[in-house]
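As written, the chain order gives the labels A, B, C and D, with residue 1 at the start of each chain.
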Amino acid sequence: MINVGIAGATGYTGSELIRIFANHPKINLTALTSESRAGEHLRDVHPQFAGLFDLSFTSINDLNFSDLDVLFLALPHKVSMGFIAEHHPLPCPVIDLSGDFRLPDADVYECWYGEKHVKPDLLNEAVYGLPELFRNEIKSGKLISNPGCYPTSTILPLAPLVKHQLIDTKTIVVDAKSGTTGAGASAKDNTHYPNVADNFSAYGLKTHRHTPEIEITLERSLGERPTIQFTPHLLPLNRGILTNTYSMATKPIDEKELRSIFAEFYQNEPFIRLRDHTPQLRYVRGTNYCDIYVTFDERTNRVITVSAIDNLVKGAAGQAVQNMNILCGFPETEGLTLPAVCP
Amino acid sequence: MINVGIAGATGYTGSELIRIFANHPKINLTALTSESRAGEHLRDVHPQFAGLFDLSFTSINDLNFSDLDVLFLALPHKVSMGFIAEHHPLPCPVIDLSGDFRLPDADVYECWYGEKHVKPDLLNEAVYGLPELFRNEIKSGKLISNPGCYPTSTILPLAPLVKHQLIDTKTIVVDAKSGTTGAGASAKDNTHYPNVADNFSAYGLKTHRHTPEIEITLERSLGERPTIQFTPHLLPLNRGILTNTYSMATKPIDEKELRSIFAEFYQNEPFIRLRDHTPQLRYVRGTNYCDIYVTFDERTNRVITVSAIDNLVKGAAGQAVQNMNILCGFPETEGLTLPAVCP
Amino acid sequence: MINVGIAGATGYTGSELIRIFANHPKINLTALTSESRAGEHLRDVHPQFAGLFDLSFTSINDLNFSDLDVLFLALPHKVSMGFIAEHHPLPCPVIDLSGDFRLPDADVYECWYGEKHVKPDLLNEAVYGLPELFRNEIKSGKLISNPGCYPTSTILPLAPLVKHQLIDTKTIVVDAKSGTTGAGASAKDNTHYPNVADNFSAYGLKTHRHTPEIEITLERSLGERPTIQFTPHLLPLNRGILTNTYSMATKPIDEKELRSIFAEFYQNEPFIRLRDHTPQLRYVRGTNYCDIYVTFDERTNRVITVSAIDNLVKGAAGQAVQNMNILCGFPETEGLTLPAVCP
Amino acid sequence: MINVGIAGATGYTGSELIRIFANHPKINLTALTSESRAGEHLRDVHPQFAGLFDLSFTSINDLNFSDLDVLFLALPHKVSMGFIAEHHPLPCPVIDLSGDFRLPDADVYECWYGEKHVKPDLLNEAVYGLPELFRNEIKSGKLISNPGCYPTSTILPLAPLVKHQLIDTKTIVVDAKSGTTGAGASAKDNTHYPNVADNFSAYGLKTHRHTPEIEITLERSLGERPTIQFTPHLLPLNRGILTNTYSMATKPIDEKELRSIFAEFYQNEPFIRLRDHTPQLRYVRGTNYCDIYVTFDERTNRVITVSAIDNLVKGAAGQAVQNMNILCGFPETEGLTLPAVCP
């Protein structure tokens, strides 16, 4: 049993971590922080946990860091790096779910996030927590930067293609669609129910922050910097990201071969499910799976992938727990084998 | 052609009035006010109207009252009575869509709205704009108080029962369910998409402001003050109110007779559709209809009604235009005969 | 570890049992039957279970009854009693999720189900599997008849009121709203997406089969036969039932007292959560909880309850597993402590 | 006033035509056919029209062709060409909403539709009813083949780019998302509510019939045959198609210039709205508009377009009425100027 805390546990990534911990046999959840709800009981902030936990929120300033074996940061961008800068060197491993330590270069961060990075010297120490590509680094990580939801859903299907040089990496188009929880737990105009229900729209064309995260991560792991055309959309549903990638093939490829390359690339991965049919969000809802479909279109000479994740699980809290499992030497799937709540 | 203006046209009742006016042959829409969006073009505030109107918002202070034949107030409660108090005597007929002049008694207003009424002397001059019950008063009204959405959907099915003393008016239970637009156009916690989608809940038990409006209106028109147990709910959809009423019958009644009483009561009403099957919200979406079903349960000795309206049309803007048509001597259905957008 | 089988596992109650078993430490799921999908692998019928089970469907005729410790019947009404009649005496305990053995009287069955009962002599042996009221009988049951979804959501809030004679049982109005999974997994006109989305309607007025189940169960456990006015509705969402009950109080009652009566009545019940606020479906989604709120309206002299369950869990598969846990002497909450997937 | 009939009026395109005709001042709707509902009244088949029309369905065999000025065919693919083959030469102009006469080549038809064409000699006489590109041909058309919904939403944003050779037409990726009404009015497994709600998925990769329709139409009007990578998706909402196109630019282009090219290309088009922001489905719901946004990404050298239509209006019935208006010499916008029902 280890003691874990969550800083910033009123949002969706926070509550999703708590949901997973309720079913994790090796976890003692000992601290939850929130500035706005400090002093309140968990069941009043997140009524779904009534009867399951007896815990209250504290201020982050009252967090007793030395009692913790792992600390999850579910804080907003910018707040997260401020906290880390302040507490460095960190007394226990930290898994940061914000975007602050995902990009290795402070200039790129400033360019896409529009802020100066306050702790640039840590950028290279941070480990990018995508287990399928960086498992070894995660094992000994001190600061694990949990991947973004869109990058997770995009990098996983592209990685085998890039590694095996099956696609022209200057031709990649990524068209991704996310559920509304991706926009956070605070009421905003663009997430007002009547503005989302019965509606669908694209946003962040050409400028979404996850673009460089995808490009740089693929380069870091595979040696080549692709150019990604990335367009996200807001779906009228709560959870899930479906991502399509379209790339020109370097040469015509047999579909069977394509699938066997993927099967080999992900052969021991417990959370990658290669699918014979195009994935559906409902089959991954509430789970840590990434379902992937790949095909080749002879007529157009393109490789197409379709992938599905739950943005709050494999795209956030679930992947963070997977990282914790690796870090702590637990079985990697511990607490993460629940099937989808479907329908 | 008459000139009309809308004060407070950024909300849903405001935009719904504009939608109806786009199809009304006798209307010149000449003024739109908004304090927060003054100076902006209609197409930037409500992009659905691009290509249909060439109008900009002004401040309410810049409204030229004397140019108008009818003014619609789509202002928040309290703001509305303040405006009316300030401009009294009104230079043109006003149709007020707020709740400020719906209750005839300032004490009752204060009790249920939690505010002192600022213009109590006008309460008895205001005409309650439910055409099916008060058409004659509306014809010569100066200040027409447009009914609430829940009261419209509740009073219409109950009126024939109360008038003909078919039910014990101390036993009425009203269980009503409304789409989310009923909560207004401003983003709030309880209308945040993930809090509404895939969810359903009751609110305002025992204390909803529409309760006295229903009781008093039935008393005003029919001579007897019923007691209403009223419970509203929030539906995960945009538009529509479905309302059930349950009442003990004063005596067993043949279902055929029940229907013929309703048919007679509403025989010349263009917007009441008596249904042989339980109503569905989709058949009234975007329309000014109130669909009504009535039945008698021999086993329990209860009369049950189910009614459906679009809360933004018959429950707000459409009924307001119906009132304007009556007031101005236009055909009562002018601009209001569009079928439902279904599905 | 016990061996369990599910007859009729292609529907929603079947797949929900499988979902729960994936997290139940004492269960060996050894048999799944389906006539239409016999021979197919579980992951092809319910793709959400890919990677979690290695099981195929067989015909019910190939079921090896003697290998099983418990058999769940997730068969349609009528098919279920046919199967039981054919295999009587049952070689292992059976938990029947159909409605065939819920009513103790063959005439009442025929009246509300429109079919003759084929095994009336078993009706009195069947135990009604609502643990909160019949736990002792369940412990030694051979044929457990799992309650209907609406009755579960209705009986639980009414039981304390009826037992303590706090309400006039001839005045009970029950207005219930269910998600669409309640209508089953087969595509039908009334569950075609465009007929449900953005829509809401009542059905089964005066005639729903769950009406006598509620009345008779309350009578069986508490000694008095109430008259229930029951109206169900179809909600545009997948899971959940929200049920309101309205009853005249036998005498005015302090709200505090009301709550303490409920607290005492359900003091040791792990799946009843008494709430200070009106329940919301999202807080019970995917769980075996029944959330209950009770209040008294002085103005109208009525007691009102609002309850929420997941129709597929506490309303079907979860309660069936709770019954199995009781029957097998397992901790009653085994496999059933997952928090809601919210939002 | 002209007399019009609709063959196959029980589906969504049929009911949408009726909805539009309710507001069209020059139309006498005189005939509705349906084989399955012949003899029934319109209000029983489509209850939303109660109070608006007094019409019954007949069999298509009882259709009196010579009484009609225009006949709309809202029949399934294959049935439509059979009907036309049988009645050729047509006694009045026909607007066919099926896909049977959209492709000019019988071999291409057979290849993508999997059926032999039964009336190939008419393929070249049929006019492709996209007014923005083929208005002149429509004016004198005898058989107008109404475009598919996806092609309408794809061709309109691509046409200016192809015509001005701004993009490399071998690089076009089209990622389109449609509401569920696009799948028709019949209940099917893939449109069962729980399979669509809270879900999202791609379908028809590489093989969708609308692919050649897009390619050939762009070639027909603009002289160059593009290669389209087309992927459709099913959205959890009723109406609307949002389509993204991604193409490599032939040379870098100023965004201002791009917009002015579109503005010129569509300068007199009443139903094309060029947008400064990415379109949203809610702003076109129920309308005949196609909202288009175009941008250039310097970083990737791609031109991106986003377009939005209502699949049942501009993608089907509305465009058919627009064609009829052109054909009959009516103002082109007659009956089609209703604003969106939003929200």
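Simple rule for what comes next: a contact is a pair of C-beta atoms (placed from the backbone, for glycine too) under 8 Å apart; a residue touches a chain by one contact, two chains touch by 3 or more.
All figures in this text were calculated on a predicted structure; none of them were measured in a lab.
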Any chance you could check whether C-D or B-C wins on number of contacting C-beta pairs?
B-C
Counterpart interface for B-D, drawn from A-B, A-D or A-C and sharing over half of its contact pairs
A-C
Centroid comparison with chain D (C-alpha atoms), farthest chain
C
Based only on mean CA positions, could you tell me how far chain C sits from chain D in angstrom?
46
Distance between chain A and chain C based on Cα centroids, please, to the nearest Å.
37
Determine the centre-to-centre distance between chain B and chain C, using the mean Cα coordinates as centres, and give it in whole Å.
39
Give the residues of chain A touching no fewer than two other chains, as numbers and ranges.
12, 181, 194-195, 197-198, 236-239, 280, 282, 285, 343
Under the definition above, what is the set of chain B residues touching chain C in their complex?
171, 173, 175, 177, 194-195, 197-203, 205-206, 227-229, 231, 233, 235-240, 242, 244, 246, 278-282, 285, 295, 297, 299-300, 302, 304, 306, 308, 343
Which residues of chain D touch chain B in the complex?
12, 15, 18-19, 22-23, 46-52, 181, 198, 238-239, 270, 273, 275, 277, 280, 282-287, 289, 337-343
Chain D partner contacts - residues on chain C that touch it in the complex
12, 180-181, 185-189, 191-198, 236-238
